[in-house]
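Paired with chain B in one complex and with chain C in the other, chain A is shared by the two complexes that follow.
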Partner chain A sequence: MKLKASYAPHIRYSENAQTLMDDTVIVLAVLYVMAFFYYGVVALHAGLVSILTCYLADCICTKLRGQKINFRDHSAIVTGMILPLLMPAGIHMVAIISAGLFAIVIAKQVFGGVGQNIFNPAAAGFAFTALCFPGQMFSYPMPFDRLPILTETASKLVRGPAYALKFGSIPTNDLVDMLLGNFAGPMGATNILVILACLLFLIFRKTVRWQLPVSFLGTAALYAFFFPRISLSPLQSVAYELMSGMVLFVGVFVITDPVTSPKRDSSKLLYGIVAGLMAMLFRQYGGFEDSSIFAVLLMNAFAPLIDLISEYIHKAVRKGGRAV
Partner chain B sequence: MKLKRVRRYRYATRYIRPILGNNVVLSAGLALPFVIGASTSMNNALALTIAIGIVNIPTMIFASLLGKKIPQWLRLPCYVLLASALVVVSRFAVSWIAPNIFDSLGIYLTLLAVNTILLVRGKQVIPQYNFYRAALDGVVTTVSFGIVMFVVSLCRELVGNNTLWGDAINFPIKLPGALLPAFGFILVGLLAAWAKFFRRLVIRYNLRKDNPPRTAAKLPEGEVE
Partner chain C sequence: MISKGIILEQYKEPALSRDLRQFTNAATVDSTFNGPLVEDVQSLTGEDIIEIARKAEIVDERDGVLLYEKLRTVKKGSITAVVADAIDDEPYISSQLNPLLQLKEDAIGGLKLAAKVLGVSSTYVAVYKNLIDLEMKIPTSVLNVPVKRIRGKYPVEFRIAESFNKEKGVLLIGVCALIHLCRAVRENRIATTCFITVAGNCVGNPANIEVSIGMTVTQILEHCGLIDDPTRVLVGGPMTGIAVKNTDQTIITTTTRAILAYKDDEKEFHYSCVGCGKCVQVCPEMLTPYMIYHLTEKKQMFRLSLYDPQQCIGCGTCSYVCPSRLDVSGAVKRAKQYVRAERQGGADR
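Our next item is the complex of A and B:
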């Protein structure tokens, strides 16, 4: 009998950081296929540039910190894939590269690398680029406009439905078109049905716990139901609010980051509820048409506190249970 | 462990250490609002450096001469009172150098009356110094503040506005977000990390010179590594 000496734990879970990231890469690749369908090669080019920027920056910074590069860590690839999907197709490469560098160098590596960052790198990178290039980041080409890769885009840029909602107007987009992703918006955030399917896949694979996205999107939906910004039925308001901008994408891919979100299920519920409320308040009263990313960044700072509060509550409940 | 070189280095640099090694902004985190909020152009950096010199140096001299004679609880209010009067003087100096600067500085010039370099060093350190040491300390802390201000302002103006001293420069990258205070915070944090890295490098160099790693060839007979 061959005995192999190893350290505890001896019962290994099939899931590890690499499988979590690989699952996310798979679903993001599906979104890139949809982005390619609507916007052409420019979507793939943006994704490739972003992934290369993020991965190279990650490797260089890891070496500068005197550590060995872990080639099985795909977190930088996930960040690189998420960033262009939050941006308009055909955006200048400077914006994509600066977002990637900020996300990896400032939001991730400065805090100690993978697993140590406080803020979601993709959210931080998008926030930085939104502050630097506000005009470019929220002007979108129409789907099926074939955009040039390296030259400046000459196609007509329009505002998304979130812009109309911000000023209390009813978006002119058909709800069916919005479900299918056939409207102007961020490259990856418009494919509503595909994003929902991705969410189901991630929950089925246990990459993501359902408490976080469901509480986030549920709170956002409730807010839109009770405080509609447009003079339509509450259900139509919910549909427009969730399908416009990047609320759905943020709720599935950004807020569910395992490093920056709370660890306990009960904490995730509370975190998602507060984040959903903040996201809707930021969308309504913030400077940009969709500031839900900034709400996520703000909540990232409170994730450890929410975990601590949840731990106290659980201890109190356990003590009370034992006393009874 | 031998510390001769380290002690010699520390003694030789005792007066100028606040400039680079123990920079008052990067190591002690003093006067951060000016470095983060007002460092959006080189003109601002120059104006604030001159103003802080006009405010701090005489106040530190006053603190060294009369600091110990004033009760402890009254020292800071006296320094702030004198600094407030000197802020008025600095305002005229700044307006004489660059008439338009004063408007762009806004409240930052007035805040110099309660700048933390003066409050922290004036309370803890200066009363123990004599006149010359206090004046030197004032000059050295002003220079250290100025260096950080100029470096941060250079980066932010060049990258954020593509200008230098108000004149347009052909720079390939333009990131308007660099003019925001958040970018200033990040830049100061990165500079503080670099300052700490170089400080440790110098100390480690001196330590290594005094205590070279022992090799087998140098070990005395019978001793094993």
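Our next item is the complex of A and C:
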């Protein structure tokens, strides 16, 4: 009888960090199917390039840092999948590759790899490309334009409804079309119904705590309700604000990143509310038509502070609990 | 207050439904202490019962405290009820619940004796509520003593008192200690045995057994039969037990609750903390296990005082949920020891 020594507890929850990431990979794959449906094979091509860039960069950097490469670590794949979905279909490959490299090398590996990064890699990569390619990042092809791979896009590029909102005009899109994703916008962020289904899946799989997306999107909706930018009814303002651009995608996939968000449920609520408010303010007064992802990036920096404050509060609660 | 914790599969069958067996050392099992056999149990005073508990060397299997000390140190009037603890909230273990149901007279007799010592009239039996896959039905009362089902996620053991908010205060005594108390009063027997659950996927005959203290783990595993070579043998429950390497030199003590033998091919799982915060969400003491883990890894012990690791109850919940399978609870335990040592050092100076 050869016995192993191990530490308690001797049973573990069946789900691990790999399944956590794979859940996100599964739902993002659904968005790729939708992108394929709307934009053709160019969507899959962009996704593949981005995933390969991120994964290879991650492996090389891990090796350079002198650590063992962990093939169960799929977090780089998630980053690689999120990036093209935030960009217009048919964007130049240089933009995708540079976003992936910035996300992995600068935003993630410099801080020490998975679990150590302060800023969400995908958000940082997107911010980098948005600053480098501002013209390309926010002009989108129309859905059902079959774009050619690897050649300069010859098709007509249009501005999305977020652009219209930015300049106070009323978007002309049909609301049902918007729910189905049939409007110009980022490659994966337009499929409103699909993203909502993904959110439900993630919440019921307990991969994502409901506090984050609900507080973020709820605050954004309340802001749009009370301070509409367009001369429509408040409810229409809410619908257009939430469905245009990438607010919903950010609320479901970017802000819920477990690494960069606060850990306690109460602090998650606070974090989501401030991020939602900031996202709407950025959209209204910022330079870009949709800068909600910059709000998340900014909030990432405050997540440790929120955690520290909640720790002081909980220390007081723990003391009080003992005294009773 | 919100009940934090985790839901565990209980796996109490088939050991719970099977008969309680005996596997005792013939030389010690019938040893008695000196003194006249009690003729009339009703005539005993509280002091007499405490003295009998002292002579019989009964230890409460819940916490390892001598029963007579436990009974003696209770302040008069501070409690209004005695509760026989048959919680067994860890998976596989049923070594309190099974003896309670099989040796009803002894268990309830002991409970009544303890109630007499403390001068209280209300008695309860506490049984865990989240037992779903049982082949038997838990009765609502055992010999007219009401069974109180304790709800809640694991760990529930330290929250039992909260369920008795009608009473001013409760004293919890383990069922096995009560059985020994009853036997000591009736037969002058010294508590030389304890009740354990033997289970796990390598054990051919999972059951609850009454075994003599001082037997080795090997003896017990051989008695129950091994159908396979185990890779891990645990003394205690799967959440808090200790994995032993040498079963010949590990002996049963008064607080041993279970022996579990598993065979599993656990793959190596290298993953660093992803900061998901699951440990924070489940910790029943509202601690921040991942932060304590980071600080002990980085040896930044001076920052530990903010995170109160000394309040850890050692339930292992944080390690159980950890998606990176890190030894979070081990780190918290080390931090707890460090903070305790620090405080005592400060007091000496």
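Convention: the second predicted complex is superposed on the first by the 309 of 324 C-alpha atoms of A that agree within 3 Å, B and C clash if a C-alpha of one lies under 4 Å from a C-alpha of the other, contacts with A are read in each partner's own complex, and residues count from 1 in each chain.
As a working rule, a residue touches a chain if its C-beta (ideal position, glycine included) is under 8 Å from a C-beta of that chain, and two chains touch if they have at least 3 such contacts.
If you're wondering where the values come from, they're calculated on a predicted model, not measured in any experiment.
**Q** Mind telling me which of the two, chain B or chain C, contacts the most residues of chain A?
**A** Chain A has more residues touched by C than by the other partner.
**Q** Figure out whether A:Ile106 sits in contact with chain B (first) or chain C (second), or with both, or with neither.
**A** The answer is first: A:Ile106 touches chain B but not chain C.
**Q** Let me test your reading of the model: by the given contact rule, A:Asn70 touches which partner, first (chain B), second (chain C), both or neither?
**A** The second partner, chain C, only.
**Q** So, does A:Val94 touch the first partner chain B, the second partner chain C, both, or neither?
**A** After superposing on A, A:Val94 lies in contact with chain B but is clear of chain C.
**Q** Could you tell me if A:Phe128 is touching chain B, chain C, both of them or neither one (first, second, both, neither)?
**A** In the superposition, A:Phe128 contacts chain B only.
**Q** Which of the two partners, first being chain B and second being chain C, lies in contact with A:Gly115: first, second, both, or neither?
**A** Once the two structures are laid over each other on A, A:Gly115 reaches chain C alone.
**Q** Would you mind listing the overlap between the chain B footprint and the chain C footprint on chain A?
**A** In chain A, no position sits in both the chain B and chain C interfaces.
**Q** Give every residue of chain A touching chain B within the complex, in rising order.
**A** Answer in residue numbers: 94, 98, 106, 110, 128-129, 131-133.
**Q** Under the touch definition given earlier, write down the residues of chain C that touch chain A in their complex.
**A** Per the stated touch rule, the residues are 6, 8, 91, 229-234, 238-247, 260, 262, 269-277, 280-281, 285-288, 290-291, 306-308, 311, 316, 319-325, 327, 329-330.
**Q** Going by the contact rule set out above, which residues of chain B touch chain A in the complex?
**A** 173, 175-178, 180, 182, 186, 189-190
**Q** Once bound in the complex, which stretches of chain A touch chain C?
**A** Listed in rising order, the residues of chain A that touch chain C are 1-13, 15-20, 68, 70, 72-73, 75, 113-116, 209, 258-265, 307, 311-312, 314-315, 317-318, 321-322.
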